[in-house]
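Each structure below appears as structure tokens.
In the two assemblies presented below, chain A is common to both, partnered first by chain B and then by chain C.
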Partner chain A sequence: MTVTTDAVALGEWVACGWPGKVPVGGHWDTVILGQQVRATRTAADSYEVFTLDRTGTPGRQLPVQSRYCCIFTTLSEPKRPLPEISEFAEPDRRLVNSGCVGVNTSPYRLIENFLDMAHFPFVHTDILGAEEQTEVASYKVEHRKEVDEIWATDCQFFQPAASKAATGGQMTKYVYRIMSPFSIMLYKTVHGDPGRNDAICLFIQPRDETDCLAYMPMALVDAVSTTESMIDFQQTIFLQDRVILENQRPALMPLDLTAEIPTKADVGSVTFRRWLKQSGIWFGTSEKAAA
Partner chain B sequence: MDRSLFRANARLEKARLAVVLGDVEAGRREMQQSQHDAAGARDCWIAVGLDAQIRPQSSHPVIVAGRELALWRGETGPAKVWDDQCPHRGMRLSFGFVRDGTLRCLYHGWGYGEDGRCVSIPAHPELAPPKTICAGAHAVATKYGIIWSNLSAARAATVPEIPAVTDWRPVRSLYIHRSAAVVLAGIAAFDYGAPAEPATPAADVYVVTLGAQTQLLLALQPVEANKTGVHIASSGVDATADRLALVRQMHSLRDAIEAGTGPSR
Partner chain C sequence: MALKLYDYTLSGSCYKVRLLLGFLELTYTREQVDFYPGRRHKSLDFLAINPLGQLPVLEDGDLRLRDAQAILCHLANKYDKTGKWLPRDPATFGTVMMWLMFAGGEIMAASAARLHDLLGYDLDIAAARNSAHAAFRILDDHLALREIAGAQWIAGDHPTVADVACYPYVALAGDGGIGHEDYPALRNWLRVFRTIPHFDPMSGIPEFA
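Entry: the complex of A and B
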């Protein structure tokens, strides 16, 4: 495995672990974008990340930030800061760290799946969707140039059991926010409090082009459920998605819009692919052979 | 064997080697090219399974020369062979499920009729799917209890003709960790315990006549560079004890080929 030469990918913050993963003084070795790195917990809330060469000798020190239940680092000069997600600072929120799940596919297949409502009735049957109500109503997608993020708004879907707190079916409203090629989040209707939104993130650690770790920190409005049950709910959902994600062909994301056939419900994915293509990124895409 | 499949196999082998040597990028390139070569496969029929093994309302993954296919059957009727890829988001259709004669993709429930045309997009129940949305359907024929497919666009070739025998019964599908060429040589060299009269009515098809009554049909499916399927049918072997003995003999054929000291590729 060698580190990617894709300057766009190198210039992003990527997750590489979570706070409290190891005791103070401990470290873990992992890989980002093909580069071996070592993360060390130097104090209760302090982490250092170094590259490792092939012999395991530490090289240069990398920038590091601990936010949103994740440790983030970057191999180059980041072209954007980490996104602002204010929900994680609200005092009554339950911050849930569900760890990470390994998925053998391109990071962008993961982002698209997170963005997708049409699969709920088939992949998350009787939880996030039902086979009787499969329609995806029109929603809006925009590229917010000032922050270079893609937002999908006015999304809604009928859900039999939208969250751990849900007691019956509801029309759930969603807002999706793609914050970088490797991070996306959603805001969805809180059960019993329509004025607030649960915030659920997906941060991807691309170890290599089709080898990812997915972190799903959440900031939830739920005073009742146990942390274990909330993690369990999220992991159940994600493992249902993994069966799909590892069996899409090709695993690399095709950025040529004619390679796969989208429909109206996929306008978010179409915008995402166009945005990726314009960014010049080729890591994890089918177009890399031509790059 | 089909020359373009040979080329695809050789590329697959290079791909595997590149991955072993740590050059993942080169490996992926070779892999893609090998799929491309197989896609341009020459006009010939390849055995992909025993008809009796494919139950109604089921879908299965099959690989021919590195190319991933979905072998499926509706509630009734003959089996179908399609590219193992939903045109929408690339999900493998061998994971799909059958409803009302259509194969539905597991990811978004898109439904495809027996001719491959998309007939339903559940996200838009009111929409009539455009005619241009099609699964990649291949020519299929069921003959001698074996399902055959022709992956080329030309489809002028006919399914191998095996005269005089009409009562073929399925025996087993074996998967052997050797190339098709090595398997074919092993089939020819095997001691069937009786004077054997071999014939090869087509590339990758071997017929063995044993005495006056018994015939064996062995049809090869090149899977990957070093893996081959053999779909076996028999004629004139009807007593249960004889059929069990035949199955054991075919297993020893596989063992003999895998134990062989000849070239493994």
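Entry: the complex of A and C
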């Protein structure tokens, strides 16, 4: 494994763990973008991250931020800050950390699956979708240039059990937000409180081009469910996705838009792939490095 | 009767017990344990329940049992009035026990591979996958001979606790990067297993085996 030379990928914040993963004084070793790193918990709320060379000797110190139930770091000068997700600061929110799950595919396959409502009835049958209601109504997608994010709005889908709090089916409204090549989130109608939205994130730690860890922190409006059951709900769904994701071929994301013929519901993914291509990123894609 | 299962949904060992509870149509309460990321199965509270720090644990009234295989035998012994899930006839009993031990032993290499790939457990993944393949080869050979003899199940002419104990980590092997391509008899058995009344699938088991 070698560190990527993709300057676009190197200039992103990436998750590399979560607060409380080890006791104070403890550390864990992991890999981001092919680079071995060591994260140390120096105090209750303080973490340091260093690169490690092949012999395991610490090299340079990397920037660290602890937000949204994740520890983030970056290997270069980040070209954008971490996104602002105000829901995580609302006092009545339940912040749920589900840890991370390994997935052998490209980071963008994970983003695309998260963005795709069409798979709900088939992959998350009787939970996020029902076999008799498979249609994806048209929705809007825009590139918000001031923040360089992609937003999909006016999305909706019928869901038999939209969340752990759900007691029956509902038409769930969704807004999706792609915040970087390695992060996406969604806002979805809270069961029983249509005026508010649950916020669910997917932060990807690309260890290598087709070797990722997926973190799914959530800020939920739910005064009733146990933390165990909220984690369980999310992990159960994600493991259903994981089987599909690991079987997608090619694992590297094709950015040649003729390679996989998109359907109408795929307007989100077409916009995403175009945006990736324009960014010049090639890590995790079938495009070859320009150099 | 009050049955309580200390459970983690994504645990294949807990799934063994949930499957049989379902097949026997038994009602039970679940105590969800935050196995990951919380590692609550290693907390002092849980070690008082199971000093091995492992799931599943079943409470049946005052009786508290660990080990999925032991729990399967207990449930079948006490609640299956047909006697089919745990056959007592001398021609089948030993074979059922043999494959039951195999499920708690050799097949668990597939569980280790899954924990590595899914939850980042630090272990020798190549060794785990090799051991799992070796175990699958042995079970596939057995099932191939059973097919030739006109049988579908591990022992006898109906499913037993041996099938229930072997099923989860064979079915979930893909989660640990272990394919079923080389095991045609195993694939056939995985398919018939799903036809058992009250079968419930689990995340990670491919629909089209």
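General remarks:
The definition used in the following text is that the second predicted complex is superposed on the first by the 288 of 291 C-alpha atoms of A that agree within 3 Å, B and C clash if a C-alpha of one lies under 4 Å from a C-alpha of the other, contacts with A are read in each partner's own complex, and residues count from 1 in each chain.
Keep this in mind: contacts are C-beta pairs under 8 Å (C-beta built on N, C-alpha and C of every residue); 3 or more make two chains touch, one makes a residue touch a chain.
Not measured: the values here are computed from a predicted model.
By the touch criterion defined above, A:P19 reaches neither chain B nor chain C. By the touch criterion defined above, A:T134 lies against chain B but remains apart from chain C after alignment on the C-alpha atoms of chain A.
By the document's definition of touching, neither partner reaches A:G169: not chain B, not chain C. Contacts of A:P58 after superposition: neither chain B nor chain C is touched.
Looking at the shared chain after the overlay, A:G11 reaches neither chain B nor chain C.
Chain A residues 243, 247 lie at the interface with chain B in one structure and with chain C in the other.
Those residues of chain A that touch chain C in the shared complex are 18, 21, 97-102, 104, 213, 226-229, 231-232, 235-240, 242-243, 246-247.
Touching chain B in their complex are the following residues of chain A: 1, 112, 116-119, 121-123, 131, 134-136, 208, 243-244, 247-250, 252, 254, 260-265, 289. Residues 8-10, 32-34, 36-38, 117-120, 174-175, 177, 203-206 of chain C touch chain A in their complex. Looking at the complex, you find that chain B touches chain A at residues 22, 24, 28-29, 32, 68, 84-85, 87-92, 95, 106-109, 121-125, 127, 133.
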